Structures are given as structure tokens and as C-alpha cells.
């Protein structure tokens, strides 16, 4: 079961000379805990598999120590300090949200701990230091890809955006989509905001309906998307819905998947891939919940970090950072290398919802 | 002797109710003045008008020639009118002496920064406050209660503490609203002495509301009787006691 | 300005305003009597919604049955919370109660997160009435039902508190518990009834809210609770019609701000409007700013 | 009398020595590595929280006005001071620019204190609480929309000037200033507003002035705390200053006892450390925190519990008497 | 009717009432006098259940009510005019009076008593719709008295019912007390106006710092020198 917090040998937290400690930080409590727990499960799965396969890393087993941040930057910083100073973690796979990740990146200045966040998308994160990497694509990258795709492939000429003004992710995607779409020659007719936690979007959607756009870009996580899309269709908005990787999982919470038909979003993997399907089944069997992008990313980043440590041949932070810079990794989500900023160079998939299922987009 | 308080044609409405109407009053220096009248006649309301709690609908109030209309209560208190309340209002969670010290707020002048930096001015002024407060408590034989929470004092003592706090503001005119309520005749007798003593020691004028005729007739030099918001009669205690209208409306046979 | 669009936005405002009104009713009810800002109210709404979810989706109970079950569960929960966490503090300063209420609110959130995870659950469709069509507008059943229910409950509650014996006991208890006892009023019972009613209202609000926005999660109550609390204060906290008025006004201001000023700055503008309202009407729209008689 | 004064002087001396002593010990332990980055980070957060709690105690504990927007002032201070060190004073050395930035942060928060203080003079109790709550949210929403400080993405790359020394001495200064204020005629005036506004007015106290005074002091220190926080984290986001943060500070105030500075300090320390102690029970942390809150409130106010405390006290006194 | 045995009441560490015993028989008027802070109010609160005694027993019509809730005691026929009036400030005069009759069910009787109170206190009738909080002190005192009478109690506890009343009304209050007593209500009267109280009381107790120091009939005490000196200002 997915008992949060109780992970592979999390209990003691003390130093264990026989094991290499991988630290994880993320929100395991509070309203963002869905993401944090998914990431942690992914990491946990990777490390459990590694140990169960009888592998050893520099002659030692690997142990995960995961600390809750509640999504709060101070908590994340405390967790980081504890991992590094008290638990002697070799590397950190985290944090989960952009803000907390940037905070621990900042805290690592002068320490140099290798940090790899599976899910921090804000640009500022990898700017905090040369030891800081991410496994997901940045906000600008995926939004740019979607902006161009919408114009080129979907043939949209006009677009509207509805985004969460309180969420860095949502705001980042909105800005970059707008730039990309307009750069191509499209027109973003209407940009509407709402507050975190809102559930009623009728007012904004009423305005958007007036603007009669080709596509409606909804850059947020699936909780909001399920409500926005439903309300939009109820108001008679006919625009095609498009979005970012936060869409992954939307089918699991939607009470009316028909409203999602034909929507297109960016993701890290293609759902038709047999390897992905097999992985998702294993994951579900172990944790009892559907795998989302967060879980895949957590899994891949953990494996990537283990590979980097192996290649570094030591637990020296600089050696690991060097290894990360030169890595060539193949995971469930495909091939990944890092650019000079510590951002990933990897493929991105366009997914559409067809007959109530995720499928790779084909023209 | 000069006039301390001068009230001309004072009036106030509460919705449709004319609670005080055409009220006139003059109090002289060092005078002990009584204000009496049936329940709901408007006596407390007059206190509230004098102290700025209510803004009069019409009329003029002057303290030593300074017009008080539209001044806020704290400003009026600074100008020299202090009062007690019919329903006692102490700083009930604070000690007895703290209550008096708050009354002395405007008696010293050290500034915020002098206070924070603990300059000599601060120490000098605080010593003064401490001493003066204790002296005031002694007047009311409250000094042994100095560090007790005010709300734990018995009712009668609370009334006296309220008077002490009012005196702490160094007033020219002291307004007492039913100071003897809740006291037995013996205590009332002692209170009469205290009030006279306070008047003499602090050289102030006192205007008091009271339903205890022994007290009013015993110490007041002049009395005004209020009925339905207007003055029914004014005069010396003996004049008032023999006034037919007052007997009918208020005193009874 | 496009007139039909304007009306549409007005209706949008009333929709969400009705929800606020309904939640604010519960707030005001408890506040009016117990003088407690019941920060756990939003969480009781959440519990009400989850109860329906568990009854129908997990246990397969018919919907018509799950509604009274949810109301009873919430009323019972309200009474329990009062007995365990509020009653021992009856003579303490109100701020301690406020903190306990916050504690309860955190507790319920975290309990439900442990049980159901923070992953949202989709709420079953309960209301299957046709939408209301007014000329070119069509209003979904969830919305007009919420509106009607909030208005009816307002009237019923107002009458109840003003006219019934229990209601009168409630008002007496709210002013002076000691004196109320001297009238022969059982304050424990009275306060329990208050909490039961307040929490039952929360259940109703939760069900209608979740029908309109059919995703529930353990934290759904907190934003809603704060908004509704503000609505109650704007209307004049403790005043039953004030809660509903405050709810409608909050909803409409929100909607019009989003529509005609800025959907990004809505919260700032709405809150500024509220500040201005309270500066001019310090006791809320329907509250009388009575000076204490001294 | 004289003896009393001498005692007082001794007490002041002892306090000063204590303050410096604690700092010296912590510094030495840090250099020895006994206090690692983790512990010193917690110590720093504790100091920031002490400033927040003691300053909120001024309005909520002493002035008696429930404020639910303290995080708003903190946000103003955090953003203003971060903007100063990053942009305005960027060319100055840290030793100059940092204190200057903290001062600017505090002062700007103070200005907001006046802005919120003046219109709320007429309001009482829960209405005031709502206004301050709304005010906090207004600040947060505005920050979300200010792109030059990063909007929702947060303002990052703030120099990390905060360290334990700064936080410690600022916390000490805050506590001393507020204690001195409270134990002066001005402090008594503030308290009198809490006790009975009408009686305070009648005693010649300009209650409006003292309400605003308390507000701006509280706001100033919250602003300074915000500045420390910003320069500790290196990134600030509007979502760090929500209503929940205000509540968190309020909880510390109430737990320490309204109008009780010592209690406030203790509760700031306890409630900052508690969540760290609970790390091993990660998913139950909030629940335990909530239970602790409820139990503490019940214990503090239930007569039965107080009786037990009194008995223990009596026993100790008796023992001392015997010795 | 009412019997108090070895009553002890404390406020935290303060022992406010020490081993007080006394008794009131059916139909009597008993006065309780004593200086400020003697503990009179404390005793009344203990009887009516607002305070829980630390020791001793209180019997109402032979039933032990020491641990009974205040509201239950009211149901048993006891009413009180509390110190400081404690009217419901946010409710009108009439609503306050109706609350006084909360335990009663006889609509006609209630209406009749309301009229009776309005005749006794015409000022209250004049101000029926005024909020009690805005009444003058004396008007509130009338209201507190009227409210207690609305309960039609078997036994009535009065805590300084004449406080703040004009001389004419003080007489009225005492005449009311005698009238209801004649109609069968037992009365326990706490008064500072000891002279008048002793004048109508069948018996009286003198309380000093939480202890009963003297007892006798009203007349006996009124003519006692010690009493005259201590309480009558003579």
C-alpha cells in the first residue's frame, strides 16, 4: 500500500554506513501532497527494485530517506539540512514543487549536494547552482512546444488561456504559451485568471465564450481541469482544449470524460508504449493508485541518480555532479541528457483523449 | 468664586426620545453639587454629554470657559473632567494599582522613546506615578489591595477604586454616578466623609448623581432635580426637600 | 457593455453567491449563539460531502438516503466537537476557542487525507432536474436549487430563532449564559442544538456545493469557509438574513470584478471593497452599529 | 527601596550576560560542529518566529485586537527588503545593504500598518479580524500580480545574508523594545484599550493614537522578520504569506498566553521545533500538531488541570521552605 | 423550604464562604445582610446553582440540589434577581420579560403577570420595545425585578433589588416583595438598605467575611446596637 512517509527504511533516519542514502523532499501532507506522494512512490519503487535485484552501489545498498515539506519553503530547507547534515545523504531527488526546490537549491549553495528534481519546472530552479538538475522539462519549453503545435499542427489561429494566478507552474505556462503562440502569428484573445482553490469558473468562461476562440489553453493540474472543462462545455464553449503535463491523470477524476474528448496536452511519455503500460501496472499493484507523470518522473530520476553515482565511482558531490553533466540515461520515459543549465534534453509527447482514453496524438 | 462648568440649553435625542432638554447648570469652584431625579430622568445621559461619550443635539458646554462640544472623551478628560460610571468600568484584569496608574497617564510627559530607552526622565516620572498612585489608594484605604486583580474586589471597593482612578487624572471637575450604590448605610456614611475630604484635599468641584437622599442632602451644597430630561428644580438641599413638585415626582412622602 | 452578457455574469455571481450564502448561514448561526468563529465549519462541509460519497459510491446506498445520512452525521459531528473541544472552554476567553476550532479544522483535514488521500474524488450526480430557461438564459438545476434552498433556509432559521422557544433560549444564551440559566434555560442543550443545526446546514451546503462542483478533496472546505465567513461578516455576523445577503453580494461582486475589471486581481479588489464596506458600516450591512450604553 | 533598585540593576546585568552568554555558547557549538546547519537553520527560524510572535502579541495580546493578517506585513517586509538588496542597494556591501534593507522593509510594513490601522479604528473584535484577514489577502494577491518581483513564480536569487547572529540579535532587540514599551505609560495605555476602551478614554487616553501605535510597531517588526526570512530562504513566494501563516503566528501567541512575552517566546520555540521533532511520523504531523493545539487549549483553561499545576507548585514551595 | 448546611464556597484559593448554615421556611421573608465582600452574592449564586460549592449541602423542599444545574433549579420554582441586573441587553424589554417566564406554560397566566408588572412599573410599559441595554440603570433594575416575577417562583432570591432606584421606587419594590410574599412566595433578600430589609423580614442573618455572626428576627436585629453601628450608619 502507499503508506506515505513509511518508505524503504525511512524510520531510523540515522547514519548508516552500509548504505548510500538518497534523500527525497516533497509535500506529503496538505493539498499538494498528491504530487509529492506520487513522486516519492516512484523513487521508492526505483530503489526497492534496485535493492531487491541484489544490486549494489559502490558496494553498498541504497536507502531512501524522505521528508515532508508540506509545500513550505522553510520546511523544505530544514528537511534539506537534516538530510545533508544528520542523515548524510549522498544526493537528493527532489524537491517536488518549484518554490521549495528553488529554496533547497539555494540552501545547497556552498554545499554542492547533487540535487535532481523530478518535477520542479520553474526556470529559476536550475539557476541556483551547477549542482542542481531537473528531470522534467521547463515551463518555457513545454509551453513553447504547445504554442507552436497549436498553431502549426492543430491549425489554431486564436486562443484563450485560463490559469491559476496563485500557481507558479500555471503562470509560467501561460506566459510562455502566449509568447510562442503569438510568435507564430496566432492571437491570444483572452487571458483569464483565477485563485488557487476556486471551483467556479463560469464568469471567466462566459467571457471566453464571447471571444469564440479556436483553442483554450488550460495550463494546470487535473483537479482544476476537470471542473473547468466541464463548466466550459456546459456553457457551450466549443474550442478545443489544450494543456500541459499537469493534465496527466485528469481521466481518473473526471465524472464526465466526454467533455475531454479531443483535448490535447503535452506529456513526458506516450501512453501506447508497452513499456509504459507494464510499468504503470506494476506501480498500481504496489501502491494501489494510478501512475501519473509525477510517479514516472520520480522513478526515472531516482534511477538516473543511482546511475550517476555509479558512474562517478564515489560519493563525492562534485564527482556525482560531473557524472550528471555527462550522463546518457535511458529510462521508462525514454532517453535523457542534461544541457549546460542542468535542464533535460528529452522528447516530449503530445497526447490526446480519444474514446475516454489517452492516446498519442496523430494528425 | 468663579464658575468651573457652564452648561446652556443642553439637549439630546435618542431616535424619537428627547432624553435631555433645555438643561442648564453652573458649577462653581470647589462646589459639591448634586444631580437627582427619577429613574430614567436623564442624569447619566448628562454625564455622558459632559464627557463627550454622546454628542449633544443642541446646547453649549464650557469648562473654565473652554467649549467642550464635539471634543472626544480623552480630550475632555485631559481638560479636566473625570468621571465614574453607573455600571462600574474598571480595567478588570489589571491590578488595583495599575488601574490608578493608567489614570495618571497624562500627568507625566515622557515620550515613547524615552520610555523605550529608559532615560532618567522615565525613571523620574515612573517613580512619581508609583508614589502618587499609592497615595491615592491610601485615601480610599485601598493600598493593602494594591496588587490584587481589580475584578476580585468586592463591589463597594470597586466603586472606590473607580473614584481613585478618576482622581488620578487630576481633574478640575469630578463626576460621580451613584457612588453609594451597593453600599450599606455605614459604608455610605464613610463615603460621604471621603467625598468631602477629596473635595477639600484636591480642591476640585464635584457633581454627583445619587438616589441616597442622606448622602445627597448631607453633603451637597446645591442640587438640581431632573425630571423627564428637564430641570424640575434647583436649590439648596433644604429648598429641594421642601419643594412640592420634587416630593411628588421623586422623594415621596 | 453587452446587456445579456451582464445578466449572465450577474447570474454567475448569484450562483456562487448562493453557495457562500448557504455556508455563511451555518457560520452565522454558530457565531450568533456561541460567539465563536467556527473555523471548523468548512471541514464539516467537507465531511458532509465525503459522507455522501462514501454512502453512494463506496457503499452503493441510494442517493435519497445518503442525504439524510450525511445531515445526521454532520449534526452528530458538530455536537461531538462542541462537547469535546468547545464546552470545556466555555468560560475561557474566546480566542482560546478560536484556536481550538482551528485545531479541529486541521485535525479533520489531516484525518480525511489519511483515509482518502488528497487525490480528489468525483462526487456522484444527485440532482437530476431540468435546467431553468429564462429567455435566452439557461440556469442549471444545481444553481437554482442552491439559491432556493438558501433563501428558504434563511427564512426558516430566522423565524426559528426569533419566534420559537428554543430560538429565544439561543438568543439569551448568546448574551449571558449565567443569566440565561437563571431563566431556566439549559445552556448545554441549547448550545448542542445550535451546533447541530449549524452542522446540518454545513451538510446541506456541502452536498449542494459538491453537486455543482463535483470534485471533493479534504481541503475543499478551507477556501470556501473563509469566503463564506467574510460574507457573513459583511452581512453582519450573527444576523441570519445578513449571511445570505452577504453571500449574494460577495458572489456578485466577485463575478462582476472578474468580468469587467480583472480576473487576476479579483481577490484584491473584492477584499478592498469589503474593507470599504466595513469602514462605512462597521457592523456589517444589516448590523446596527450600536454604541454601548455607559 | 534602595535595595530594590540594586536588585533591579543586578537583574538587568544578569539578563544582558544571559543574552550574550547564550549567543556565545551557540556560536562556539556551531564552530565545533555540534550545532550543524540543520540545527542552526532551526534556530534561525525560531528567532524569526519569535519576532513575529512577540510583535503580534502587541496587537492581539496587549491591545486586545484580533488580527489575522500578520503575514501580510511580513510579506511587505520580505519583498521590500529583497528588492532593496537585489536592486536598490545592490552595489553596496552586504554589511551596509542588509541592515538598510531590513529597515526599509520594516518601515514599508509600518506604512501599511498605518494604512490598515486608520480605517479600522472604528471596528471592533471580529470585524477587525476580518479586515486584517482581507488586508493580508490583498497584499498577497497584489504580489501575485507584480511581475517585477516574480509574481506567482516567486522572487528568487535573493542574497542569503541572514544568519543566526542577525536573527538572534534582532529577536533580542524586538523583545527588549516591546517589553520596554509595554512597561511604560504608553504600554499601560495600550493595555487599557484592551481592558475597557470607554474607561480608557475617560481616563484621558487617546485610544485611536495608541491603537495605531500598536499596529505600526507590530507591523514594523513583522516587516523586519519578513526581511530576515527573505534573506534566509533566497526565494520568496506570495503563497508563503497566506492566511495560514498568520494563523500559525496567532496560534503561537495564544499558546504562549495573550499578553505574555515570556510565554510567547517559549511557544515560538516549542512550535517551531515541534514539527521537526515529528519528522519521523511524517504523515501524522499535522494531526499531532492539531491535537497538541486542542489539548494545550483545554489544559490551559480547564480548572482541573490548573488545580494540578497549583498542587505541584505548592509542593515545590514547601520543599524549598523546608530546605 | 430552603436549607443550607455547612456551605463552603471558594474562588480558587480564596475561601469566600466558610461553613454557613441557615434555613428559610415556607412563606418567610429572610434577609441576609453584611458588608461589602461579606459573601452574600456568593451564597445566592451557590443556591441558584451558578457556582458549585466546595462543600456542604443545599436542600430545596427537602431535595438535595447541591449538584443540580442552575436551569433545573429554576424549573423547581426558584428565581433570582441577580446582582448587576444582568438584563439581556440586545433584546427588548418585553422579550426580557418573556424570557423570565421561560419555564412557564400557562399562556394566560403569563399575559396576566405581564400586565401586573406593567402596572407596577409603568416605565417598563412605556419602553416595551426599547432594547434593554439602552435603559437607564434604574429602569434596568425594574426590568430585572419584573423578569424574576414573571417566573412566578415559589422562592425568590433578591440581590440588592433596590440598588440604583429612586426613593419612590424603593418603596414600590418593598411593597412588591411584601405582596408576593403574602401571595405565598418565599423570599431571601440581600439588601444594603438594611433598615428597610429588616423592616419587612421575618428573620435575618448577618454575614461577616463568609461566616454568619448573628441571627434573629427582623425587629431584634434592627434594634441591636451592634447592627445599628455596623450597618445602619447609626
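Labels A, B, C, D and E are assigned to the chains in the order they are written; within every chain, residues are numbered from 1.
Heads up, the rule we're going with is that a contact is a pair of C-beta atoms (placed from the backbone, for glycine too) under 8 Å apart; a residue touches a chain by one contact, two chains touch by 3 or more.
These numbers were taken from a predicted model, which means no experiment stands behind them.
The chain with its Cα centre farthest from the Cα centre of chain D is E. If you compare C-E with A-D, the chain pair joined by more contacting C-beta pairs is A-D.
Between the Cα centres of chain B and chain D there is a gap of 41 Å.
Per-chain CA centroids place chain B at a distance of 47 Å from chain C.
Put simply, the C-alpha centre of chain B and that of chain E have 30 angstrom between them.
Note: centroid distance chain A to chain B, computed from Cα atoms, is 72 Å. In chain A, the positions touching at least two other chains are 29-30, 165, 195-196. Touching two or more other chains at once are residues 134-135 of chain E. Residue positions 141, 144-145, 198, 283-284, 286 of chain D are each in touch with at least two other chains. Of all residues in chain B, those touching chain D in their complex are 51-53, 72-75, 77-78, 82-83, 85, 89-94, 98, 101-106, 108, 110, 112, 115-118, 122, 125-126, 129, 165-166, 168-169. Note for the complex: chain D touches chain C at residues 60, 66, 119-120, 122-124, 126-127, 129-131, 133-135, 137-138, 140-142, 144-145, 198, 243, 247, 250-251, 254-255, 258, 283-284, 286-287, 289-291, 293-294, 297-298, 300-302. By the touch rule above, chain E contacts chain C in their complex via residues 48-50, 69-72, 74-75, 79-80, 82, 86-91, 95, 98-100, 102-103, 131, 133-135, 147, 151. Residues of chain D touching chain A in their complex: 36-38, 41-42, 45, 141, 144-145, 150-154, 156-157, 160, 229, 232-240, 275-276, 279-286. Residues of chain A touching chain D in their complex: 3-6, 10-11, 13, 28-30, 66-68, 70, 72-75, 77-79, 81-82, 84-86, 98-99, 102-103, 106-107, 109, 111, 122, 124, 127-128, 164-168, 170-172, 195-196.
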